[in-house]
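You will see chain A twice below: alongside chain B first, and alongside chain C after that.
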Partner chain A sequence: SSVMDPEPIVRRNPPGTKAEDFYKWPAQSFDEMDTTLAVQQHIQQTIRQDFTDTETILTVPPGQDEGVWKYEQLRQFCLELNGLAIKLQTECTPLTCSQMTATEQWIFLCAAHKTPQGCPAIDYTRHTLDGAACLLNSNKYFPSRVSIKDSSVAKLGSVCRRVYRIFSHAYYHHRHIFDESENETYLCRRFTTFVIRYNLMSRDNLIVPIMDDASNTSNNNSVDQ
Partner chain B sequence: DCDLEFVYDDSDIYENEISEQYTYTEEPEFQLNKESFEKLLKSKDYENWSSLSNENQRALIMHIIQTLDVSDKSERFEAVRWVLYLVQGVFGECSNIEEQKTKCRTNCFLLYKLGIFNIVQELLMMEIKTQPCPDITSLPSNPITPKIPPTPYYWCWEGGSSPTPPTAVSADKKSNIPSLPDSLELRSLITILYTMVETLRRDQHSDSDEHVKLRKDFFTELEQGLNDKEPLIITLFNMVCKFCSHTSFILPMKKVLLLLWKLLLVSELRWIFMLCNHGDEHRWGNPQCGRGERGRGYWGTTGVGGSPSWRGDGGPQCHPKPQRSPRTPPPSPRSSSNYAGSSKPPISAASRGSRSYRASRGLPKLARMTSKVFLNQVRQKFIGFTLPGDLTTVAGLPEPTQDSLKILQKHAYTPMSELQVARESEISKCPLTIGKTEVISTEIPERLYQAMLPHIPQYMIALLKILLAAAPTAKAKTDSINILSDVLPQGMPSTAVASLKLGIDVNRHREIFVKSISGLILLLLKHFKLNHVYQFEYMSQHLVFANCIPLVLKFFNQNIVAYVTTKNMIPSLEFPACVIGEKTEITAESFDGMDANNIPCWRNLFSSINLLRILNKLVKWKHSRTMHLPSIISGPNHMVPTQLLVVFKSAPILKRALKVRQAMFQLYVLKLLKVQTKYLGRAWRKSNMKTMSAIYQKVRHRLHDDWAFGNDVDAQPWDFQQEECALRAHVERFNARRYGKIGSGGSGGGSLNPSTNDDYTPVENNLQNLLKEEVELPIEFRKSYDTWLEREVYFSNTDWDQLLS
Partner chain C sequence: KSPYSMPGILHFIQHEWSRFEMERAQWDVEKAELQARIAFLQGERKGQENLKRDLIRRIKMLEFALKQERAKVHKLKFGTDLSVEQKHNESNGKCDFPSTVSKTNELQTTNAHMSWRHGRQLLRQYLQEVGYSETILDVRSQRVRALLGNNYDAPKPVENDNQVVNGNISDEEKQSNRCVWNQLQLASCSLNLTPTLTSIFLPRSAGFVLATHSTDGNTESIFKDFNFLNAEDNDNEDDEDVNMQDEDVTDDGDHQRKARAKTMNGSLTCFTGPIKKDLQSMLDTLRGSEMSRATEEPYNLLNVFHSESLPFTVGGTHMGDESIENALGLGALAGLTVANEADPLSYDIAATKESYRKTWNPKYTLRSHFDGIRAIRFLPNESAVITASEDHTMKLWNLNKPLPSKKTQSLDVEPIYSFRGHSGAVLSLEVDADGSYCFSGGLDASVRVWSIPSVEIDAYDTYDPAVIQKVLVGHTDAVWSLSYSSTRQQLLSASSDCSVRLWNPTSNDPLIQTYTTEGIPTSVCFVQCDSNHAVVSHTDGKINLYDLETGQISLVLAEGDGSKYIDCSVNCVASHPTMPITMTAHDDKHIKFFDNSSGKLIHSMVAHLDSVTSLSVDPNGLYLLSGSHDCSIRLWNLDSKTCIQELTSHRKKFDESIYSVAFHPSATYIASAGADALAKIFV
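And then the complex of A and B:
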């Protein structure tokens, strides 16, 4: 190639990339993204730009299929929830939390098994994330990430319902871990907005009080705006 | 003295199909559901369900879903009750039945949309698993030994007498008899699934676009479910097996069977829909089995439904005006197309000419092979030699013979099965060339077959066992399975009216069993027959081995006219009538006044016709099985499995059944008589000329079929064992080739090697590879191999030259 050509941009983290250089490539508009994974790329880019800007992250680019959009968002949530799960592992054990509860009202069954059963909270967390990953990557229901059948989109609701319990457990039983993680990611806030916007869960079931004191939390912890 | 008013269809009208899933003894539970749901509404400060906004309804269902995930059993079950009540149309808020129906439909769609169907399915799995799980492979699985019948058949022999309502007296001797409360959870879950399937599978003109779409999604989802490790259909089949092998299990078998039947019906509808859309030319392109005609067969209705029945006495025949009783379904587009298909609408007996005879029974036909045989015969006769391969040259044949040839060729057809058999035999000759080109479809029946294949024999035996137990003439035996655990209440009735009511309930319960099993078996046979004839043969052979033929014959050896017109039903106790409007006290009078001679019991006539059709499917073109029908008369016969020697006579049974005045029913009876006529002998024919002419009038002709006077019977002694074994070998080869280990491994006494394909894998002859192979030598050999060397190598003289010369 000639010397006149600008260096082509490679949007990758090749082996040996230093931590501070991770994802350090110029942003791209959604229209320019020319891959089958454009939606995911777009979502991750907006998150990197400002993870506190829940509104922008959740705004559907014009012309984007809604089913795929919901799918990719949920995929991203599960991906990031692994971070919370890892933090939880440090103190949530079968001994401390033998059941999946949030408020003491309900104990939940773990649906990842062939027949649902009661699991300790940390196992519930792992199994549910695992099960969600399996479902979202399953060839049967989601063979394509460009177009998705309505009957498969319908499955996202129950994933949301189950995944949300991880937030609520963390909030009610491991508050400092939850706060730490939330301040770094705004994940629960974003998730709550997401499920309300797409009617995936009812407000009654969203028991983590995130919407009301969202401003307080951000002020107290001086998160950059 | 008129024909029975009856329209055959895939199933009864919606209202009946819904109410039949409940027994009358389940009535108190409706109120419990209602109370529980009202408590829920109260806790949320809602007045009632109907006045809630869509938003709030959704939110409430979300709350219910959340509760369904809870691990506390009693809390979870309350949520099941809430769903059940929604599915039951929130009947407490309805003033009439129509309203309840509409609400039920709306709720079913809403619940499906929010994912309840799947959640309930998961809960069902869990509920089943909480019962100890026996290994179903341990069930009787040796299908080839009909001498040791896998099923003991005990029948009460009271041909002619009407079935007496069983009294519950025998039950109250013991105290811990399984009864309704034992299966409460399972029943509730299955009721939800069944109501949703039955509601969603039917389309309505008033459906909104969203409903149409949801319905499509529902079908797609059910179809996708067949790819699961254990599809719902298989789970249910396994429940049936479990129920039969371990009497300690308390499973609500009637509901299981109804759900199973409906799921198969849905998958069939879906499949046929696809066939019709894609226009499978290979299957449909055959000119002699025109699309419309075959299509009608699929839908379960045939042209004969509209023609008047036959009367043995030859008296004037009357035909009811096409008015419909409330029990018969409204004219659907497909049943009215039957009339449109025939040359004239059904007409009165007086004006009925030969033309309408023909229209009502279908055009005559014959297998293409028959016309070839005929051509060869006449050429041999008139010109002295045959022209193999030439089907057109008629030179040298007299004109009348040419005319008959024309007619034969006009009506000739090649059955799909013949092509499939030919193809299969070609593949077995060249498995590595032709076999490799075979494309196995991924259609619904194919996947269904693969899923069922490992346990088809057990499934068939189980279904027949239950059918036996549910038969109206069955005697309660201590060792037979108990199908009444999901109808008997905990306490026994104390008043006469109550026990009368329970008697009717029990009879109704049994009838619904027969209905669902007969519908189920017939559907499966049709499914498989359309997909591949060997799949059909596999299933039907197992039915035969499990004594399906005598079982069905015994079924007809009751007062069948009484059976198809019984009224085991109390309208005011049917759901939803029992929960809506004023409650009427049940008195002895409630049971009277339900007799009207020409109004049949839809479900009983439906099951009887199904059983006749099953029998026809089993014996068609199977001389050895046909022989069973009359050979039962002729007494000891070494070829016949022992239990068939029980003296019962199919011809008189069938002849008696002709008294049922319904054209379709009679047609299938006549068909069964037709296939065995030539074995019945001259004496029988002479004294049954009226039946003979009825066959001639009503049953489709097969040209060149000497069904009545065939005299070559003695020339071909049909050997049951031999013929069945040959068929079995073909079927097994087919299964082993196409499905490998699942086929031969699971079928039990497979005589074939694990895989015939082993014969065709090339022999490894690369010296390097062979020497590299690790060989594990026994320890004894390693200890004393030097002795072996001495003896076998150094001291043995081998004349190597001989090898070379």
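And then the complex of A and C:
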């Protein structure tokens, strides 16, 4: 909680903090942040200031390593996708959605298993998010939060691709859930802008129409993972 | 009439026979057991043989380096050959050795510093090959510094998560480490080795990288020595190694030397006799002095090597010092001294009595959350934990299934289940007494009851909606604290909506009672030895004891004075399992102890360098674990109220670092959870 002027600002959410006061301290400039989690702090702070301002949230601070920036952004996306997953849990069952699909042309197989499996959509969603959590936190590929190996940066693209399908399934099969979640978080449009800007996915795969963005639907009839 | 009868005799014989059969069966079982034991011991012995072999290699390596250094030093100091000194120092002085040494000295004068550093790098390489990682070396070198008496308080959190800061090592341990080193020196002297022999071992030993470093000064000198052995004339017939018994001693000097070279070039087994004996005694000493750390003998040896390598910088070069500092990974921290100016932390590291109790070491790191972990709890009957995070999820982890890894020192674990349901940060967590249900409280004001999946499930199983049992609705603001009573089978929750609620989680109408608090509660806890009462702490420092039947405050443990100072909040209350004592963790760095019957403050101590965030009592009521935003966890002896161990753990996010600590209710595990999204388990 923030305090009076002569006292130094202590940025904590201690027990007893009310929900409305959570994170309600004066913003800290990125350059002043001296913890190893500075990039995460900065991204979350910017989102709290205005979650609709996609541009500012995605703008990399000067001098910041781009690999780490992409990594931390992706962590934050996976974190926020939980909200969509929770809403889907109530409605998306193996009976309603026995496979992970978006538009009719694609069926997605879940890559979290030894051999790719045709998981029902809710399992696909959970497994993909859990798998992304394991990969992004893996000591083998991402041992540090302040520097990322180039070989590990390459992994971010496949995570993005799989995670995007959660959006596309929600959009085409649970439209009201998608809209409700999107209005609260602007998550899908921010994600789309993010993957385009950093070339993490090919535009062909971005099948959820985002306001002004041109959408391309693929004509292939094949299974993908 | 005779006492014997036919039936009686028959019966007796049958009885005896069956008894014999039974005994035979027992003996078979015993035999099998003993055979198994034999196999096990043989396996152990094999392991120790390998260990011994490694140690031999290392000793020889170090001896060689040592002798080189001495030669250099002597040369530099006195500008003369080592002839006199060398002969004196070595048990079997080889005549030509001094001249060889002087030659190599001339060669190496220019490479003096380089070769020392090379030596160190080589040592590191060998160790890496054997499997010791940098982190272990850093950990051990920190312990070395503790041994050498460089006390330092909790340093700033560094990149390496696995550092363990162990206050002072007890005197007994220091002594035992010194003993070990003395023994080693004795052993190495009695090994009767010369640097020429060691130089041969070095290029020839399997896996040693030295041979591939073709261009540095060390190898040159070594091969020079080798050449000496084959070519030069000498008269050292009578200083033959005791070990070289297989060889024919002929009158022809050259023939003898060549034969010796051949034999030495052959297997190492001819040396193993007396070496084995000495090393065996060395290992026994190691084992004897380190009772509770059976697996760490090689580490201790390494530890000792590091400590004694420091005096080698007799040359006093700055470069040498730097490389030590770098090697020990201290960098700027080396200059830190104990920063204990204002507050005499009222603890002292317990005396040698404690030296046999276990020291906790980090074992598992739980990586998977995307944001800080606010609470961590063990399952009562499994090696498993549940974590609750600000990333809105809780996760179940099975410690028996860590990720496969080459290093056994620190293992990573992946979760086997993610609990999704909260729509905001999950702030509090409790597990019931048999590990079938867990309870969570969140920023979204909900308290949720979950059924805990089996710890054997596959991480990527199908979704089972039955895991979500209930959502307890009632609070209107963040639920910061939960407490479960197994005797009552009831749950208490404290929320920043200024209320504490009592629930029966299994009933259809779960809310039993709501207690309105004056001020915002921060933590609630059933009194363990009297579940009709509960303790509640508040942001203004108030600590109240409630009677749950009447709903009234039965005793005020602390008045609370929110107006007087900023850091008056009490972050956590804990109840002693057997005595009517409440322990509290304060924002002002204190831990306080209150008597539940009289309400008096029994003890108060400055426990950390920053706000104390979390407490956990061990199930026997002997120890207390505390976590703080100063990035350290401290273990306290509850009788003496002294700190027996400090562990540095977790990095900061903004100004927070450690949120939660926990003891396992029945096994020897402790856990810590932090703002860096990691949880650590110590054994």
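The working rule: the second predicted complex is superposed on the first by the 206 of 225 C-alpha atoms of A that agree within 3 Å, B and C clash if a C-alpha of one lies under 4 Å from a C-alpha of the other, contacts with A are read in each partner's own complex, and residues count from 1 in each chain.
One rule holds for everything that comes next: contacts are C-beta pairs under 8 Å (C-beta built on N, C-alpha and C of every residue); 3 or more make two chains touch, one makes a residue touch a chain.
Only a predicted model underlies this, so the values are computations on that prediction, with no experimental measurement involved.
In the superposed model, A:Gly157 lies in contact with chain B only, and not with chain C.
In the superposition on chain A, contact of A:Cys134 is made with chain C only, not with chain B.
Contacts of A:Ala27 after superposition on the shared chain: neither chain B nor chain C is touched. If you count the residues of chain A touched by chain B and by chain C, you find the higher number for C. Of the two partner chains, chain C is the only one touched by A:Leu79; chain B is not. Across the interface of their complex, chain A is touched by residues 159, 365, 367-371, 391-393, 412, 414-415, 418, 420-425, 427, 443-445, 459-460, 462-463, 465, 477-478, 480-481, 496-497, 520-523, 538-539, 566, 569, 571-572, 587, 611, 613, 629, 651-656, 675-677 of chain C.
Of all the residues in chain B, the ones that touch chain A in their complex are 58-59, 62-63, 65-67, 69-72, 75, 113-115, 118-119, 122-123, 125-126, 129, 213, 217-218, 220-221, 224, 227.
By the touch rule above, chain A contacts chain C in their complex via residues 3, 7, 10-19, 22, 28, 35-37, 40-41, 75-76, 78-79, 82-83, 85-86, 89, 93-94, 110, 112-113, 119-120, 122-123, 126-127, 129-131, 133-134, 136-139, 144. Residues 99, 106-109, 111, 114-118, 140-141, 149-151, 154-155, 157-158, 161-162, 199, 201-205 of chain A touch chain B in their complex.
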